[in-house]
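Sending over a structure as structure tokens; questions will come in a sec.
Chains: A, B, C and D, in written order; residue numbering restarts at 1 for each.
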Amino acid sequence: MQPNKNLKQQGLSDIEHLKVHGRTTGSLSPLTLFWTGSAVEFNARGSELWIEFEVDYEVYEPWIGIVINGAAVSRQMLVAGRYWVCVFRGMNPDAVKNVRIVKELQAMSGDPGCTLQIHAVKFDGEFLPVEDKPYKLEFIGDSITSGEGTVGAKAEEDWIPMWFSALDNYTAMTADALNAEYRVISQSGWGVLTGWDNNPNCNLPDHYEQVCGLLAGPKNEALGAFQANDFDAWQPDAVIINLGTNDGGAFQSPEWRDAVTGETRKQRLLEDGTYHEEDLKSFEQAVSGFLAKLRTYNKQAHLVWAYGMLGIPMLPAIYRGVDAYVRETGDKRVSVFQLPNMTEETVGSRSHPGVEAHHKAAKELSGYLQEILRQV
Amino acid sequence: MQPNKNLKQQGLSDIEHLKVHGRTTGSLSPLTLFWTGSAVEFNARGSELWIEFEVDYEVYEPWIGIVINGAAVSRQMLVAGRYWVCVFRGMNPDAVKNVRIVKELQAMSGDPGCTLQIHAVKFDGEFLPVEDKPYKLEFIGDSITSGEGTVGAKAEEDWIPMWFSALDNYTAMTADALNAEYRVISQSGWGVLTGWDNNPNCNLPDHYEQVCGLLAGPKNEALGAFQANDFDAWQPDAVIINLGTNDGGAFQSPEWRDAVTGETRKQRLLEDGTYHEEDLKSFEQAVSGFLAKLRTYNKQAHLVWAYGMLGIPMLPAIYRGVDAYVRETGDKRVSVFQLPNMTEETVGSRSHPGVEAHHKAAKELSGYLQEILRQV
Amino acid sequence: MQPNKNLKQQGLSDIEHLKVHGRTTGSLSPLTLFWTGSAVEFNARGSELWIEFEVDYEVYEPWIGIVINGAAVSRQMLVAGRYWVCVFRGMNPDAVKNVRIVKELQAMSGDPGCTLQIHAVKFDGEFLPVEDKPYKLEFIGDSITSGEGTVGAKAEEDWIPMWFSALDNYTAMTADALNAEYRVISQSGWGVLTGWDNNPNCNLPDHYEQVCGLLAGPKNEALGAFQANDFDAWQPDAVIINLGTNDGGAFQSPEWRDAVTGETRKQRLLEDGTYHEEDLKSFEQAVSGFLAKLRTYNKQAHLVWAYGMLGIPMLPAIYRGVDAYVRETGDKRVSVFQLPNMTEETVGSRSHPGVEAHHKAAKELSGYLQEILRQV
Amino acid sequence: MQPNKNLKQQGLSDIEHLKVHGRTTGSLSPLTLFWTGSAVEFNARGSELWIEFEVDYEVYEPWIGIVINGAAVSRQMLVAGRYWVCVFRGMNPDAVKNVRIVKELQAMSGDPGCTLQIHAVKFDGEFLPVEDKPYKLEFIGDSITSGEGTVGAKAEEDWIPMWFSALDNYTAMTADALNAEYRVISQSGWGVLTGWDNNPNCNLPDHYEQVCGLLAGPKNEALGAFQANDFDAWQPDAVIINLGTNDGGAFQSPEWRDAVTGETRKQRLLEDGTYHEEDLKSFEQAVSGFLAKLRTYNKQAHLVWAYGMLGIPMLPAIYRGVDAYVRETGDKRVSVFQLPNMTEETVGSRSHPGVEAHHKAAKELSGYLQEILRQV
């Protein structure tokens, strides 16, 4: 192999034209990608491009997808270490390639050592400006929004990064259909009030203000994950909240007990199998409260609670929670949208919605958002 | 990252149970994968598996796909060097995973330096036997069969490995639908008589007897590419020949001239745009001749000439060539099958059939083969 | 033509085995079919079957569909008069045919002269018992449920019976998917509180107790349309209410004025385009009230408010109305289900959902009902 | 019912603007529709239209379909007698409706009494000119082309008119996709050489020159069925011949014996299940001969032998027959096209291709014809 002698190394912060997707601290030396769907994007005129990653983890390794001119061309595991990955080579040096390097794995609250960073590129051409897209979308969700189950055989049961995808995902598909850029804030097993296991700490709202507040540990702190997010820098046209599935699951799960304090928590079922009124009320208040918080940080965005890919048991309560918020505030830019349910034909791995279920959800959701965005 | 201390390194030749797909020399130390779709397959009971590759090329880098329990989970470029790639980690150590590491790129006749080898594995479990599938298929073809254009945006024009795929390919899909193992012998731009550019050396029949005879150079010779193929070791139930597209193109292309000898060659068009009778006859004889050769090496296989994904101009001549062979030999196990044409909706990159065109072809072809294989 | 001499005429009331679908007075001499989807069903062992219709109207002629062994084979206009229509002939006399003669047109509140009656049959065989299906469904709705727009070119604008269908309809498709028998109570332009034009008389709840109370005139009175419906005779497992689309339209339509009393009515829009709180409240009370009435007459049925094929502006209010009813009564067998929205590809004639939109709605709705009916 | 007093009766021959589809004698008083897919077409500006039919048969009754503005709105059996059928009523009198009344049933060689005639119309408006479409297609075929099996449940086995359709048919769909007018010459069970039962009289070529020569009896003679067809009046751009399926069946069927002369006929199978060379040759000569005859009458048309919806056993012989014709004549405007095979999912009634199989065939065939017609 003859190495390409025209490759020039540049730190990310030295590149004039690039675009970062997803919440970050703003640092480019290096760039830390926290959330699934976060990415770095280039318009690259040249023949060969490499990216220098630095990766670590205790348990769960990150994966990336590579998208060239809108088409996914590669998806790979990133093992621990600092090394170069070739994005493309041998291409026409005069043609401009739009390139996105996308994090396929969600932020991992359960692995404080899991990090994915980009230091530099090697390239034999020049980078051109990346234009803004007409719309901005923010998705907030759980395992469905993290794309858990969109990769792998139906029989798979291990909870590992391999089965997650940001690209085979209704978030990416919806953004694509609407020609929008997007961000994702998501965590498997979490809810708006509690996690699937009644753990009250596993709620997205508590961490919304931080760059990536659901992470833990000194390493993430040093990376800036707990800094205040700069909301002014990126105001979405719509925020899609796909939460409630784990809150519903909590009613069916055993009591949660804090290993340290012994504190317990349980969303209760009545004997006839229906939800305890009081606990349902707590959920509704969590819905209302999260909307209020979202409005604080997103002044203009339409807030769409989108739910239903794994059944709709919480939908009446979601409606009540949204309704209560609207009545209190007079906010007219809020709505609820029911997503199509997964079927036997569209199930993926780990009993989660498969890629066809995501396609269907994206089709319905993008049709709905189209109407709203026209009015923005 | 804490390394997995249970990983044990083994040379491929030391592994009791594994299965190699595609023509090889038989050597496992290392294993050289020549053809697209060639692969190594394991039934692996353990939590973490790595593969040691050795890769080189002058121009065109190989790519691999990873298939776990029948689902494609990764696809990546392999740059030059000798290194380890992690196939999976963190999985349930007690569950058996069926794993296939598949070469995504065709044998590269134009790059004598292009090699992909597998030396060893690191694994923390045990390998179990890989059962044989009920059928064996061999596909022989050109760029269509090499999956050129099944990856990438429609606008792509560079001739690079990135746009090739063995998995997003009618060959893999057909084998899958029939629960068959399969091999592929294919080369972009080649034909049964000449290449698209009238080059008479670019024909598949001349190299059929060798392991991978269309390669060139001392390196490939040393790797055994020019050895006689061991046909006894693997007798297919059906051989599918998807050739003729480039032979048809030759009529529309300029004369070929040998740079060294000055010898020229041209499949001629008449003034009214139809094919010169004599040259068409040569094509038909090449068809007949190839069938005769295929029968020599594949005593029982049904021979199916399957053609049509990029138009059917050569189909009458193919029928005549097949007919002539049948009349001369009395061989009843030969037929022609027209594949569905690519449409505007199913075109992929580089004006080649896209993944939807391959799905459609596989659906029709597997339906047809099903009938034949029932009678085998 | 040689007439079939084996045909024997029988009044409908003389036939031992037949099944009537849809609300009727119970009379079979003749049988009056009021609602769309109402039908007479036979298991007929014989070669030739004729039906004697009596039809009249001032403006709108009825249409019928003929279904044999589950497949729609004919659809035709029935002009005024009393005459025989051949259902089948020349069939194997020994085979049993399941035959349904289905009214394709809704009850026509705007045409007091529109009637469709069946007097008798001519048949050369014997009728066998028609078995009950495992489930019973009742659909209540507006033009969508009447199948307006499922027949005809997109450009059609006339409001005529030709564009209506009971068979190309989500009601029939849903019942089919669930192997259920079904009834339809529907009227184009009507709502749960008012019609699309604010007419407060155009609401379905006021007429629910009668056999077909939305009709008018002495002729319909004589036919028994205003009699009390015999609810004990047919108790559904689920009632699907697809109302709200015209109630939503009323907010956008001019004030309604009673030509006689001068009384006016208007669901008001605020200046910012949102709904007047008071009027929305009236709608919600109409929703609650209708559920209460439905429960009075359907003791065991699951009540599903299914809405969304032409947008979801009233969905929050529907949820509030349902919620209020549930809170007041403790009734647990009530839910709301959002139907998929019509898209540009699925629009039919008269800007109404086309047959593809109905297929999609039926797929989602039947998946949802399946879960509920399993628990019945 | 108040009759429409504005209706005016006109004999068909008195109408200035109308278009007749399908081969006829030219007579309009009355118009006899012989073939499936034959039709009368109007551009009618008015509110109400009736058609006067005269129908008779000994065994098999005709059916019609009604198409308004390109959408099928009605399909009904026509019983024996002379009577009026209402096509539409209550429509906007100022809008122009394109109306086609289409014969759904093939010409019935087995029922010399089967006739369908149109005498007159009653209309309250005026007829406008019907424009020619850019292309003309002629289809020649057997039961597949007659649409046998596109209506009715899979289990149906009776051979009756109800299961035939001209509209749910690849012929109509292909013409529609290409914006072409079309004619159909077809007969269930017939071939290019013999019928499925080896009957040598059941071949289409022998009757090609006549208006509808495969009919029998003095009644059809009086109607002009045996007159010479006026080929000059309608020259197609392409003739699609879908024959061979019954010729293939003949090899599998018992010997045919003429009840009168005792003459026998049999396409022979060899002991190994392959076709007797001599008989296959006869078939090939029939193919060549039919092409020669078609060319005599259709000077410019592209001749496309399209075959494969029920398997492809005769395809090699068809290719040889076509090839022989081309070699003898030098005719370049001839080709063979393989249609997609019926699958388990696309089977209709009577084990024939269902409507989905016809859709698929039309999609492939129209794509192929598009290329050819562009060059016309």
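Convention: a contact is a pair of C-beta atoms (placed from the backbone, for glycine too) under 8 Å apart; a residue touches a chain by one contact, two chains touch by 3 or more.
Predicted model, so just to flag it, every value in this text is computed and none were measured.
**Student:** Where each step is a move between two chains that touch, what is the least number of such steps from chain A to chain D?
**Tutor:** Between chain A and chain D, the shortest chain-hopping route counts 2.
**Student:** Touching both chain A and chain C, which chains are there?
**Tutor:** none
**Student:** Looking at CA centres, what chain is most distant from chain C?
**Tutor:** Farthest by centroid: B.
**Student:** With residue numbering as the guide, point to the option in A-B, C-D or B-D that repeats A-C in over half of the contact pairs.
**Tutor:** Selected pair, repeating A-C: B-D.
**Student:** CA centre of chain A versus CA centre of chain B: separation in Å?
**Tutor:** 38
**Student:** Let me have the rounded angstrom distance from the C-alpha centre of chain B over to the C-alpha centre of chain C, please.
**Tutor:** 58
**Student:** Distance between chain B and chain D based on Cα centroids, please, to the nearest Å.
**Tutor:** Taking the mean C-alpha position of each chain, the two centres sit 44 Å apart.
**Student:** Going by the touch rule set out above, which residues of chain A reach two or more other chains?
**Tutor:** none
**Student:** What topology does the chain contact graph adopt: line, ring, star, complete, or other?
**Tutor:** Ring.
**Student:** Which chains are in touch, pair by pair?
**Tutor:** A-B, A-C, B-D, C-D
**Student:** Mind listing the chain B positions that touch chain D in their complex?
**Tutor:** Against chain D, the touching part of chain B is residues 272, 274, 308, 312, 315-316, 319-320, 322-323, 326, 332, 335-338, 340-341, 343, 364, 367-368.
**Student:** Mind listing the chain B positions that touch chain A in their complex?
**Tutor:** 1-2, 56-61, 63, 68-71, 73-77, 79-80, 86, 88-92, 95, 113, 151-153, 155-158, 160-162, 349
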